[in-house]
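Before I ask anything, let me first share the structure, which is written out below as structure tokens.
As written, the chains take the letters A, B, C, D, E and F, and residue 1 is the first residue of each chain.
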Amino acid sequence: MKLKKASDSLTLMTEIVLPNDTNTFGNLMGGRLMYWMDIAAAIASQKHCNAPVVTASVDNISFQNPIKLGNVVHIEAKITRAFTTSMEVYLKVWSEDLSRQFQYNSNEAYYTFVALDPNKKPLPVPQIVPETEEEKKLFDGALRRRQLRLILGGKMNPDDATELRALFVKD
Amino acid sequence: MKLKKASDSLTLMTEIVLPNDTNTFGNLMGGRLMYWMDIAAAIASQKHCNAPVVTASVDNISFQNPIKLGNVVHIEAKITRAFTTSMEVYLKVWSEDLSRQFQYNSNEAYYTFVALDPNKKPLPVPQIVPETEEEKKLFDGALRRRQLRLILGGKMNPDDATELRALFVKD
Amino acid sequence: MKLKKASDSLTLMTEIVLPNDTNTFGNLMGGRLMYWMDIAAAIASQKHCNAPVVTASVDNISFQNPIKLGNVVHIEAKITRAFTTSMEVYLKVWSEDLSRQFQYNSNEAYYTFVALDPNKKPLPVPQIVPETEEEKKLFDGALRRRQLRLILGGKMNPDDATELRALFVKD
Amino acid sequence: MKLKKASDSLTLMTEIVLPNDTNTFGNLMGGRLMYWMDIAAAIASQKHCNAPVVTASVDNISFQNPIKLGNVVHIEAKITRAFTTSMEVYLKVWSEDLSRQFQYNSNEAYYTFVALDPNKKPLPVPQIVPETEEEKKLFDGALRRRQLRLILGGKMNPDDATELRALFVKD
Amino acid sequence: MKLKKASDSLTLMTEIVLPNDTNTFGNLMGGRLMYWMDIAAAIASQKHCNAPVVTASVDNISFQNPIKLGNVVHIEAKITRAFTTSMEVYLKVWSEDLSRQFQYNSNEAYYTFVALDPNKKPLPVPQIVPETEEEKKLFDGALRRRQLRLILGGKMNPDDATELRALFVKD
Amino acid sequence: MKLKKASDSLTLMTEIVLPNDTNTFGNLMGGRLMYWMDIAAAIASQKHCNAPVVTASVDNISFQNPIKLGNVVHIEAKITRAFTTSMEVYLKVWSEDLSRQFQYNSNEAYYTFVALDPNKKPLPVPQIVPETEEEKKLFDGALRRRQLRLILGGKMNPDDATELRALFVKD
């Protein structure tokens, strides 16, 4: 299976916050944003593996700034690394008040997708070749994030999470 | 500020998976489920603090089983613990094929909400009194999950995360 | 066919009123509420008969109080009685302004569903065993409501509606 | 307040059944149809009273034929009679499979709306002048249906429902 | 293939502008109106050819007046002329503020649809017999509009557009 | 008022075709695509003029290939030229079947937007500096397209449309 570049999966999504996307403060609901991010990440994953995909997991997301009604939301998604049949997607979200020319960060996130064959069995996916400095950093961190996911999901013993353990234990 | 019971915030949401909620496999999209969970968690939070709330963060979510078109989704949300102006909500999601009488787990999750006053400033919220064994366990674990959120958000030094550190380091 | 308890079909649905659900007064449109009630009643019916169902009829509904944007709507649905291939569902709707801790009734209603087999032919459904006082009262009233439906649908002569007739004629 | 013709309020709505409007049989959900009917009836009411309106009640609706995905739904709404601050709307719904040139009835219904002034207080509405035979029949029947609504809503003693009582008691 | 009257395809659609249909000025978004017009025109086309149809093209549309939240939108669609396997639909859109009894024009447009057989191949459609003066004028103009479409689509040489050329060149 | 580059307004929108976006062939409805294009063009316009905008007109659109359920739609929007208070936006739409790695054109279009001040009066907008060959060609063609719009809207005499006339008359 041939390697693919991280940049081949780059996906840009642009949305306007409409009334039904907002809470009583007139700001974008967190759940609506996670829905859009899921679609952007699914497209990036399909660009990478050229097969249908399903959401396997979502890492911690923290929402930094309220996004106002009528503002524009930019979602950028890109594959960071592949693990046999799964892919980690890095998402960066920022927003804009175009009338006031004011741009602000919203959040970052990591979604993980699994590729499926026509019988809905997991399908091997190509590995990523990171090129830029940012892509290399994301590629390296993917291992640590994966260990955290496995521990949090009860599928790995913290003692075996070598990468993650180093955060807490300076040997 | 008077204490409140965890069970006072219990929220049950029931949804049917409609065509537009599904991916090409005819299964519920992860993003749509996170949207519904956000609304259920927002209601539980408002029941607890009796004020408008906004989503502050979402912990790792891992999706266990595909949820089919036409199946019923049950979302149960309940406050686990409060931290000055924020509340952690525990969500349990399970699904049902009512014709085949088949019930299956989908996922668990922790959403964190912040209460806001009319000027959109964070508002102190009541503390929780856990009553059942499960509520007590969720209350205790909330501290560890909060440390993980702070570390992942770059707002806490891993060395200070006493609760979390214990997972990796047996002194 | 074995009997089933009314409580086995109990369904709780919780919704927030979003901008697109409202009329020009910022209140929930009656039609949107009837849509949600239809889904809640369909779930309760499927819980009872474990087969796909379709809406056969809806009894008089009267809307008591306007439900405001951002308020929470609670819909409780439960089977009252079965008639060969149809089931009557009782729905109770109430709403809440969670910030002001103000709860108010919206309306009650009776929806009737028919169970269908894979060829879309009506399918016999189990009978109900009412247990509580309220369930017994609903079970008894179901006969009278059914007569009214049949008369209104032109399928029964008022003279034969023994139960209903008693309302008007004291012999 | 000047009288208005029933035909002045005539409203025609045409919709196509889309995937998200359907149940697992691929037929229009009853709740979606009641939502469309509510909007058609609200428009007819506003045409009559030239003021904002809210749904007060809906009479028994019985669904006759399943409406298929892709079929066209026609909704015709017209005021039958006014009662101080409320208006009864008669709705006739039929559907069409345009490829097979097959037209079929779906249902009839009566919705009641109340007109509101800017302070949300009920507003007197003009009376109707029925012109055609059908309009006259609908105008006359409106009184009997109103009595039934009041009895069902617990606001009228069956003994006082002179019009309705005649159905059951031949003096 | 038998001829059909233009009036046989007449389609009336009525919609209310809801919050999610509006831009930041509280007016109907142009794109939402074009979506509704597409559905109205598709229904008119199917009435004419009794087969499934797809949108082939849309002529210039110019939006004259903003349509306010809560106002009613009327869309009237009617076939003007057929061309082997395609049909031109004329749409007239006007709006109403029912409380102020104020009616205003929104826009006119021409949509072109192609009829398809079950293998998705273009299907011959009946020709139109225009009856009223307006229908005859629309029938005649259809040829000129078609030439403009073909030139704009790069499928016709301006020299061959006899009808259209006459607008610019007085021989 | 300072000049702005065409590329400053570049907007990329990415969407997946969901079930409710499709007609009975399982292909994207033309009206849904025009809705998405309207939003992309509105964002490009706001990027250019930094003020709220409304859709003024849409030029001929011709749909080339059906876009399938589950396929990805790419919409690219960019300002071509400004005219006092209006801006012309050029849109290019193409689609992708990511599993089969098959990319195909859908259509091109020109939308025109007007900038509005807080009193909803037209607002002068900056002029465009085209840089690439394609941008220069779009800038030049904008004059001819504008004349066509004015003639079609009955606001210009064909004799005065110097640019457009040259298409038909070789002097």
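The rule is short, and it goes like this: a residue touches a chain if its C-beta (ideal position, glycine included) is under 8 Å from a C-beta of that chain, and two chains touch if they have at least 3 such contacts.
Because the structure is predicted, anything quoted here is derived from the model rather than measured.
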item	value
Chains in simultaneous contact with chain B and chain E	A, C, D, F
Topological distance between chain B and chain F, in contact steps	1
Graph separation of chain C and chain E (steps between touching chains)	1
Matching chain pair for A-F (criterion: over half of the contact pairs shared, by residue number), options B-F, C-E or D-E	D-E
Chain pair with more C-beta contacts, B-C versus D-F	B-C
Equivalent interface positions on chain D and chain E, same or different at half	same
Rounded Å distance, chain E centre to chain F centre (Cα mean)	20
Chain centre separation in whole Å, for chain C relative to chain A (CA means)	43
Touching two or more other chains - residue numbers and ranges from chain D	19-20, 23-24, 39, 42, 52, 70
Chain pairs in mutual contact under the definition given at the outset	A-B, A-C, A-E, A-F, B-C, B-D, B-F, C-D, C-E, D-E, D-F, E-F
Parts of chain B lying in touch with chain F, wherever the complex brings them together	19-20, 22-24
Contacting residues of chain E [partner chain C, same complex]	18-20, 69-70
Complex contacts: residues of chain D adjacent to chain C	23-25, 27, 29-32, 34-39, 42, 52, 54-63, 66, 111, 116, 120, 148-149, 151-153, 158-159, 161, 164-165, 167-169
Sites on chain B touched by chain C in the complex	11-16, 39-40, 42-43, 46-47, 50-52, 70, 72, 98-101
